[in-house]
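Two complexes, one shared chain (subunit A), two partners (subunit B, subunit C).
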Partner chain A sequence: MEVGLSSLKEDYRIYILRKTVFMIACISVALLALGLSVSFGKYEIGFFESYGIIIDHLRGIEPADEMKHYIVWELRLPRAIMAIAVGAGLGIGGAAMQSMLRNPLADPYTTGVASGASLGAAVAIILGICLIPSLTGQYAIVVNAFFFSLIPATIIVLISKYKKTTPTMIILAGIGVMYIFSATTSLLMLIAEPDSLAEVYIWTVGSLGRASWENIPLVITFVIIGIIIIQTNSRNLNILAMGDKNAISLGVNALRTRLTLLVTIAFLTAGIVSFTGTIGFVGLIAPHIVRIFLGSDNRYLVPASAALGAALLIVADCIAKEAGATGLPVGVITAIIGGPIFLMILLKMRSKAWN
Partner chain B sequence: MATIAIASILVVSGLGLVLLSQESDGYRSTDFPERLMIFGNANNDDYLDEDDITTLEKIIAGELDAEDHPLADANQDGVIDQKDIDMVRKMIDREPMEIYYLNAHGDVKSVQYPVGDVAVVGTGIMGAVMSIGADEKVAARSFGATYDRTLIGDLYDVPIISDSLFRADVELVSNIDGITAILTQESTRYVQNADVFENAGIDVIRIAATDGLDTIGGILTLGYLLGFEEQANEYVRFCDEIISYINDRVGPDMMADDERVTSLSVVMINSVSGKDSAYFSATQIAGSINLADWDDTTQRFQEGDEWLLSYDPDFIIHARGIGYGDVDIQATWDQYGQYFTEMRAYKEGNYHILNGNPPVIVRIAYIASIFYPDIIGEDFGDIKHQEFLDKFSNADNLNVKEDVVSTINVHMLAA
Partner chain C sequence: MLINIEGLEFAYKSTPVLNNITLNVDGPQFISIIGPNGVGKSTLIHCLNKILSPTKGVVSIDGKNVNDYTLKELAKKVGYVPYTSTDIFPLTVVDTVLMGRHPHSRWKSIDNDLEIVYDTLKLMKIEHLAMRSSDELSAGQKQKVILSRGLVQQPRILLLDEPTSNLDIKHQMEVTRILKGLCKEKGIIVVMISHDLNIAAKYADQIIMMHEGGIFAVGSPADVITEKNIKVVYEVESKIIIDEGRPHIILRDEPVEIDGSIDVEFKGRTESRTSITTPV
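Our next item is the complex of A and B:
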């Protein structure tokens, strides 16, 4: 009996160690990529020179080369930080969504947030209409994208609340709402001038190029609040995975938990997508990869998905910045890389990861 | 390399101007090769006349090499013989008949001369039609929010045959009686369903209407096809004079490379023109060294991009269709200038928004004024713009300096 308990403790210790090592590895990769990313880009600035510029800036030393200072301090550093924040947000949103809906196809955009944001951006770009009339330009796009992105999510939440729907119904309702919003966006794009059309298209692809010191605090705030709420509910997510009836028998109000998480993920994703456009696949594949290594325990799955999402996105952005003659939007890279990875995961994934 | 590029453009366009005959009773240019792209134009000048018959006779007699006269085979039967002379004779007499021409892509096409009523697809071709006063031929147009009513006048109200600037819908065209051809411009984005129209017996005539000096040949060819040759030649005279004026002052023989300004040009919101762009050649014709070293038509400079910051032009010319109506100068400046604020040209006040609604040749005049105000004259653009409006548009009531925003620069912004 003593031997059995000791063995069990040892197994548990290894179990915890493995999860900790995986998370530390993800965080290390993210930090390493963050460190390297400030020297990635189309403008030739060396690694040490980049850090020299950052250190000089922090010490208040006047930049010797204004253009290089602008590129490192105003473009690359905010972009790298944004990549970490957005990747973490999408990763955690995807993990929570998949666990809550018990569906491997769910991601942060499942409630139609991205289609709502795209419509909001299209309304601002093509029609020049902003929900806050005094705003114009990028501010109008961000505000519209944020509020429009919450509309589909609100519809899903209301359907969930009053119809007491199943997770499957939530996904199907999300698809339905997404089609309505996407069709409206397509209609607007049909009548758009070429300039506006191109702008809407670029916006929808998803890019970290709009990162700036002004918008980073907002995005980070959304991500941190999202992480706190979702991590706090991670135990409840584990219970929800057993089914609503079991959850109720264990004292968890399934409907209320699901609504709380739906609203949290909606705000988290809206906060991200309104600044970056739709960056696909990170929220879908990060939780899947984590499940392969750590299983489905949301207490570890959620933070590890955040760490892996951050690592994936910043690595993808390093590639995006160097790709082609002018660089590519990171949304293109995540889609190109994410699609095959997702297929590979599906083929290799142990079915027990979902049990 | 830049010198060679500028030289090649300006020499081709400029040398012939030496021989311009500018008699008061009519303009006649004879030294520009291959501008009038009509088969039968055997001597490659701007006219179909007795000189073409003479050239054909010499080719048949073996005195001239047919390979030097690519437009000599009027009937496109692969042989230059008496039949071509007979056909050109009819063409000189302007008899209705099927003729052959080279379109903007260099494809041999046939069309019934003179072309009857047309539907136009594209702002450039619409402007070209208006420039030669052929608006009576236009029975329909594609949808386009960028058509400027000031320039196209009543044509704004003709039936619309698509939901896009670039398209023509077969059914909508079929509903309008008498349309014999779709008139469009060089980009393949326009009238992608050309095959459908041609199978239905409606010619699709693709004319160079936006691409630098090629537009001059486009206008000549268009003028012939529509039966508006005299007006087309008047317009070509206007173009030739502008090019000649610029060439005489900042042409390759007039200025060394190190005296030239450098430039980049931008179209749409943030698409920087490459070597294949009309604006690349426009800035070179205007006497600058364009720094773009990529072959694509344009490359986008998005927020957060770095690639453009490696270039350091003296001037950035940003062409936008801002129309002939009221323009919010500050808002326009903010909208388009925002991408270029970190570039030296912007910081030094050399970022200019150029109204893209006037024709290419007027825009070239403005660009030259911007680059070299002391040599070209800072009013040169305005003067030529006014001349264009007075002679070649329905907007002759407009005063360019008072009524039109032709360019926007930092000095025009409110303090």
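Our next item is the complex of A and C:
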């Protein structure tokens, strides 16, 4: 079959356009879900009323109902924004991890990076120890989470550099580290004071309930820096996904790129985990769902996974807020709903997005 | 001198793989590296493009030590086509081949890159597969895609690790003919590892025969592919017939008998062999 250059150019243009449209659709869904989530919750406040409250607040108008104003402005809106930032961060972290380690099972959780961050946070909360002794409070938690998350990241780099490893081995090593860190966190919980115990528990299941205007700028900063670095490396990620020999022969320093990305993911995960705890599944499934529709080109996969991760987490949080008598931690919802949805997509689509 | 290798040695931890290799290649030609499995053929070409760093010795490309090149600079001069390429997360053929433009790339790929990709796919006769996902292709088609990726790098030296192993005879000849043509038309050096001695003998200008980590023989196919060399290096009996000035091997399924004693010196030890029996 004869295919001309002009028809290839046209096909390629349409192909790129389709990816762009899907990406915009994901971003639109995330923004729409953000809009809707403000009116979700146990306390009934209508959609238009919620936006009325937000607009009034922005215009500096004194709220008519203090309670509703507090719920929408101080609780729901920061929580929704946090869900967007965290979901985007988890989605992008998962997409980068999977391509970089050439493993569909990789995400910040299965590689132990999130458990490292959790243990770091638990050390700060329960023992009051920070690796930078002058720091206290939330900053101590973030710093500990970051440095502890570097431990599994370093193990991954060392294993892949000094041993002839398969992608499966890296995940198994990550799972091994995850178990050690989770057990240590559990051990710390045994000696914890009741107050810190409750705080650490929330950590282990993952929740957006502690979102506030104070911690949002920090999380958004972590996520934006992460997105910029990972997106800048998206072409290198495509090449890394073909293996180190291919990467080197195409002029990409595989080790340095992997190191840069791992540190970025550790930084991103630590920033997220310090405020929300370990929210599983979003980082794993968002990139896979995107792959079904968009393919595996990281230039589009990375931003689309961020958008879809954000959309998934905000929808899960809407359900979490409505579930049970007092709502549930969002981590529980992502795991309960995310798992079966993922299996369903996997079986139904029969896609060859993975080998 | 385009490729200059002086006293190259390489060891995986304490296991020596390459032993004192010295080799010069000064102009465009089709070189085939042959030798049994595990003899160090892939290790040798990996030392040429910094996939591996030699334990000892110097490798220079275009008069400059490879260590003094950045990876991107080197990738503009030396292309590499691996034996296999895993596609855990498959891309389309056009995206896979476009990766070969990475060493020359700016922020994003441009029309010109797409034209280079198209021309190469057409040369390989796979332009109709351009928009297909690489996991929908046969092993042979995949091999042509990876080969195309190496070609769009537009290197002066192209290293190929068994690039035709998944192809049938017709496509093996077709691809090797294309590579041979590229040597002449574009003036590049093609270094191809091959297990098919007849293909190597038919197309190569020079053959490097490796044995136990060293170069056993270098020269024209007729000089290197001889019954005696094949007996020592591959430990099989063969009969060589000359067809159009090039050797053609007919393998014989019979026990190998080496007349008298052939001494093979390597790694500081001397092996003396008198008789090796090929299992039936």
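Keep in mind that, in the parts below, the second predicted complex is superposed on the first by the 276 of 355 C-alpha atoms of A that agree within 3 Å, B and C clash if a C-alpha of one lies under 4 Å from a C-alpha of the other, contacts with A are read in each partner's own complex, and residues count from 1 in each chain.
The definition used in the following text is that a residue touches a chain if its C-beta (ideal position, glycine included) is under 8 Å from a C-beta of that chain, and two chains touch if they have at least 3 such contacts.
Given the structure is predicted, the values throughout are model-derived calculations rather than measurements.
In the superposition on chain A, A:L75 contacts subunit B only, with no contact to subunit C. Residue contacts after overlaying the shared chain place A:T136 against subunit B, while subunit C stays out of touching range. Legend: residue contacts after superposition of the two complexes on their common chain; A:Q98 is shown touching subunit C, with no touch to subunit B.
In the superposed pair of complexes, A:Y15 makes contact with subunit C only, with no contact to subunit B. In the superposition on chain A, contact of A:M67 is made with subunit B only, not with subunit C. When the shared chain is aligned, subunit B comes close enough to touch A:I191, but subunit C does not. Put simply, more of the residues of subunit A are touched by C, taking subunit B and subunit C as the two choices. Judged by the touch definition given at the top, the superposed model places A:E199 against subunit B, while subunit C stays out of reach. Shared-chain residue A:V273: touches no atom of subunit B or subunit C.
No residue of subunit A contacts both subunit B in one complex and subunit C in the other. By the touch criterion given at the top, residues 1-3, 5, 8-9, 11-12, 15, 98-99, 102-104, 167, 235, 238-239, 241-246, 248-253, 291, 295-297, 352-355 of subunit A touch subunit C in their complex.
Those residues of subunit B that touch subunit A in the shared complex are 145-146, 163-165, 268-269, 271, 294, 296, 299-307, 309-310, 331, 334-335, 338, 342. Within the complex, the subunit A residues that touch subunit B are 41-44, 67, 70-71, 75, 79, 136-138, 190-191, 193-195, 198-199, 202, 207-211, 321, 325-327, 329. Of all the residues in subunit C, the ones that touch subunit A in their complex are 46, 49-51, 70-76, 78-80, 82, 85-92, 94-95, 99-100, 102-103, 105, 111, 114-115, 118, 127-128, 130-131, 133, 135-136, 153.
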